[in-house]
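You will see subunit A twice below: alongside subunit B first, and alongside subunit C after that.
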Partner chain A sequence: MTDILLNGRRVDGRRPNEHRLLRAQLGTQPQADGSALLEHGNSRLLATVHGPAQARAADLSPEEDCVLRVLYNKPPFASMTERRRRGRGDRKQDETALLIEEALGGVVLKQLYRRSQIEIRVQVLQSDGSELSAAINAVSLALMDAGVAMRGHLAAVTVGYCDQAPLVDLNSYEQSAGLPSLTVACVGQRVLHASVGARLHSQQLDPLLACASRACACVANQLGQDVKAHLLAACCFQSAA
Partner chain B sequence: TRQLLSEPERQYIFDSVQDAVRIDGRQCLAYRQAALRLDLLCYATASAQVSLGETDVLVSVREEDNPGATAQQQGSTGSSASSSSSGPVSVWVDCSCLGSGPEQQQLADEAQAHLSSLYRCLRTPTPVFVDILLLGYDGDLLDAASIAASAALMRALPASLLSAQALPLFATVHRIGSQQIVDANQLEESCSMARVTVGVDSNGRLVACQTCGEGSLQFESMTEMIETGVRKAMMLHDSVAKLVARVL
Partner chain C sequence: MQSAPDDEELDSLSIRLVGLDENYPVRLNWNDLGVQFSKQSIVVPGDRLTRSREFIPGHGTLRRTVEAGSGNASFAAGRRQKQNDDNAEDNDEDDEDEDEEGAWELAASVAGRQHVVNKLLCVLPGRSRYAGEIGDVVVGRVQEVASRRWRIDANARLQATLHLSGVLLPGEDLRRKSEEDERAMRAVLAEGDLVSAEVQSVQADGSLVLHTRNARYGRLGQGTLVRVPPALIKRSKTHFHSLPCGVTLVLGMNGYCWCGPTPGQSDVREPLASPADRSEVARVRACVRLLAVNHVPLYDTSVMQAYEVARESPVALLSRPDEQLRVARLVAEQLLTAEVGEAQPGGGGFGLHSGDLISGGALSAVH
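Coming up: the complex of A and B.
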């Protein structure tokens, strides 16, 4: 494991508890109701929200208030490794879409959008690890831009465990090394999604969860600043006009 | 997403184009405000994003240094080997950002067929993958995609190759009544009777030409449209070359 952590630094020069640079732009796609372009280190994701709009009767079940539909697309050129050739409709992508959908189910105030549908499309432009958490962060910002009511700011982070120390925000190199990892999505102190990749000792779980929830708070804070800047710019523009 | 246009709306657009007024106030042979951004993706050999009005296209160009591995991978996944046999430049178009319906699939397939035919004559030492991602759509996809692709290829390919082979571009000319328009948006595209798409390389040679649409064209008006297309394509070539040279 020396190549993961050398003299207390990681492959890209970060400290174990250091998150990569996060930057978000809101409202980049004028055709969508809400959109966000998230830069997460080398990763770039575009999330767009269409709706709330009237749902098709076939999609609605009687007990369901609101249909959340997530489409997740990762084109073959997005990862650093060799360009892959594959058909449309990948199983792993469908699974990611489902996980995002489940996490959102707990944070979107569905009862306000009865019999309507919110479609969310996530487009990965470039991927460098922590894909699920980056996607959740992007979607959360796009929903804010669309003005969809939520319980709070949903933020997600992937943490790993190496040399008795938790590593925050794994990149693709660290993820491919097969470290025990944990992806957590939180709103404040409430965990909406947690998934473990690779084998993790149960004693490691507690420190890892604590580290992840702290990191989530930092991510929410960081991205919240971008949202505020966007709102401020919009307000200034309106008052000037 | 196909926009529904009622008959009076269609008539309104048709009549105003006859008086040389377009719905966004442009002249008949004017393009929308275009923006070109280069090298947004650090994993690609070169990349370019072109936005033409609300049409937004991202192109990634990747050279594969290891053609053996690619061929093997293609063989193992069982996908068709057509990309390697049809020429070293293979084009892939994705519209899933716009939705997952059959309409989007059709749009992607058509664009892929057109753009593959445009780059078929290009020869490169290593296989080159041109991946086109549509992020927003408001008409004139082929022109925007080919502008982005040729800007990215200009950055990716060596200068010796570019001087030997000229990169082609698409220009689409629509006919509405007796007027010709270029860079039609989605509404105008749905009123267009016929369109001619010409692929012109930077030496001014015609490398591809196709007519589409429900209406038919007089022979004279078709040649007229091809001429307009070639003129516009040369103009696009000039401005793309200027923009890319400024970055280099």
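Coming up: the complex of A and C.
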């Protein structure tokens, strides 16, 4: 474990509780209703939102009258280590998409979008760990860009555990070392998604969860600033238009 | 990290746009023009708007109860203002009685600008689908010909409907439509046709019903469509503009703008527009687009000013971000000075409150 945490520093020089540089750009794809390009350090993802638009009648049911569909794609060029070509029916990608969908189900105000479908596509452009949390963050930004109503700002972070210290925002090297890890997505204080990456001792769960929800609040705050900066340009002149 | 590119680097500009270089000024920044805009009024979902109970929750807001101590909040979507819209209340997790006792607050549910009208508090998103209002002029594309109706894509959340009874058949008075009319529906509007129409009503589920029962409305012939965010279209008395350059411009409130040669709406079998006409149409289209990407409100004055500024440039140049910025900045400055000249306190305009409008170095920063 010395190569994970040496003299209180991680392999890329960060402190244990330090998040990688977050950079976000909204509205990059004019053809989509909403889009966001998000960087967690070297992880780089593009999320686009299409809709809310008319859903096909076959997709609707009396219980579920707003369709939220997530497509997650990680092309072979995204990762240095894993160059496998994954098809459309790939189970790992489908699982990631499902996890994002579940987290979003708790935050999008579906009752305002009856008979509509919101399609969300996530493309991993560069992969360097914490893709699930980066994807959730990117989707959340893209939904805001599309003007979709949500309960709050959904933010996610992946934390690991090493030498009694929680590591925030694991990169791919740390993830491949098989650390016990936890991905958490929060809206305010409310945890909407939590998944454990490797075997995690039950005693470690509470400190990790606390650390992760604090980190989520920080991520939400910082990304919120980026959204506001973007909106300032867009809203400034629309005051009366 | 990256320095601003030199002139010879401008060709790679389109690549830079997708990159994360926010320092490079390819898009108009209104703050550079001295527009004072309160940052406090920009909110993201979950931001608290107010704890005061005197406000009525409008679009883009939600009520959430705050349980003391636990920090857990439960939510109720903001009541929408339309009478026929009871969507927000009926399937939410907490009921009205609890709200009266517990402390609740109003929070934003969309990212956008806070807006207060009397007691109504709402948040207007910067970009969203078109939420129709009765009487709006819209431009739509026919997606499907169904029984006695057309299904139309009008950039709304749901498909819009144009009933056969809502169209004015060419050369006829309004009359009951027969079965033969029903069979000949594709002769009036086929799949893929563009149509200008007016919103007749908004259904309970939010879908729009359109009508073209006026000679102004109907099928749009030769021309091009530009799609812009609906919030940029300024509501005005007329949305059909015949510009002096021989181009007809329809600024649909739904964000679909159509530009075509002026006599273009009459007949299917009209001769093809001349290359000169078409290049004028392309220039107007480019002007609408460059204003939209720089968040300039779209109405006849702004488009005409952009046209005047861009008249000398080749049309192809108008798709370059630097040229778009140059034109949009000049238009914005003209609009701002015109606004100051009118000096309407609090009424319409762009909601500006600053007299000091144009900063000194604004122009030199571009060229």
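Criterion: the second predicted complex is superposed on the first by the 230 of 241 C-alpha atoms of A that agree within 3 Å, B and C clash if a C-alpha of one lies under 4 Å from a C-alpha of the other, contacts with A are read in each partner's own complex, and residues count from 1 in each chain.
Quick note on the criterion: a residue touches a chain if its C-beta (ideal position, glycine included) is under 8 Å from a C-beta of that chain, and two chains touch if they have at least 3 such contacts.
All values derive from a computational prediction rather than experimental measurement.
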Determine, under the contact definition given at the top, whether A:83 touches first (subunit B), second (subunit C), both, or neither.
first
Applying the touch criterion given at the start, work out whether A:109 contacts subunit B, subunit C, both or neither, answering first, second, both or neither.
second
Considering only the touch criterion stated at the top, classify A:231 as touching first (subunit B), second (subunit C), both, or neither.
second
Pick one for A:123: touches subunit B only (first), subunit C only (second), both, or neither.
first
I want to verify the contact counts: of subunit B and subunit C, which reaches more residues of subunit A?
C
May I ask you to decide whether A:48 touches subunit B, subunit C, both, or neither, giving the answer as first, second, both or neither?
first
Taking the superposition on A as described, I'd like to know which of subunit B and subunit C A:92 touches: first, second, both or neither.
neither
Which subunit A residues contact subunit B in one complex and subunit C in the other?
30
Which part of subunit A faces subunit C closely enough to touch in the complex?
23, 25, 27-28, 30, 33-34, 37, 39, 51-54, 109, 111-116, 144-153, 187-190, 220, 224, 227-228, 230-241
Please give the residue numbers of subunit C that touch subunit A in the complex, ascending.
17-18, 20, 22, 27-31, 35, 37, 39, 42-47, 60, 62, 64, 71-73, 75, 77, 80, 87-88, 90-92, 107, 109-113, 124-129, 157-159, 205-207, 229, 231-235, 293, 295-299, 332, 348-352
Of all residues in subunit A, those that touch subunit B in their complex:
29-31, 42, 44, 46, 48, 71, 73, 75-80, 82-88, 119, 121, 123, 125-126
Within their complex, subunit B touches subunit A through residues 40-44, 54, 56, 58, 60, 62, 64, 66, 69-70, 73-74, 77, 79, 83, 92, 94, 96-97, 99-100, 129, 131, 133, 135-138
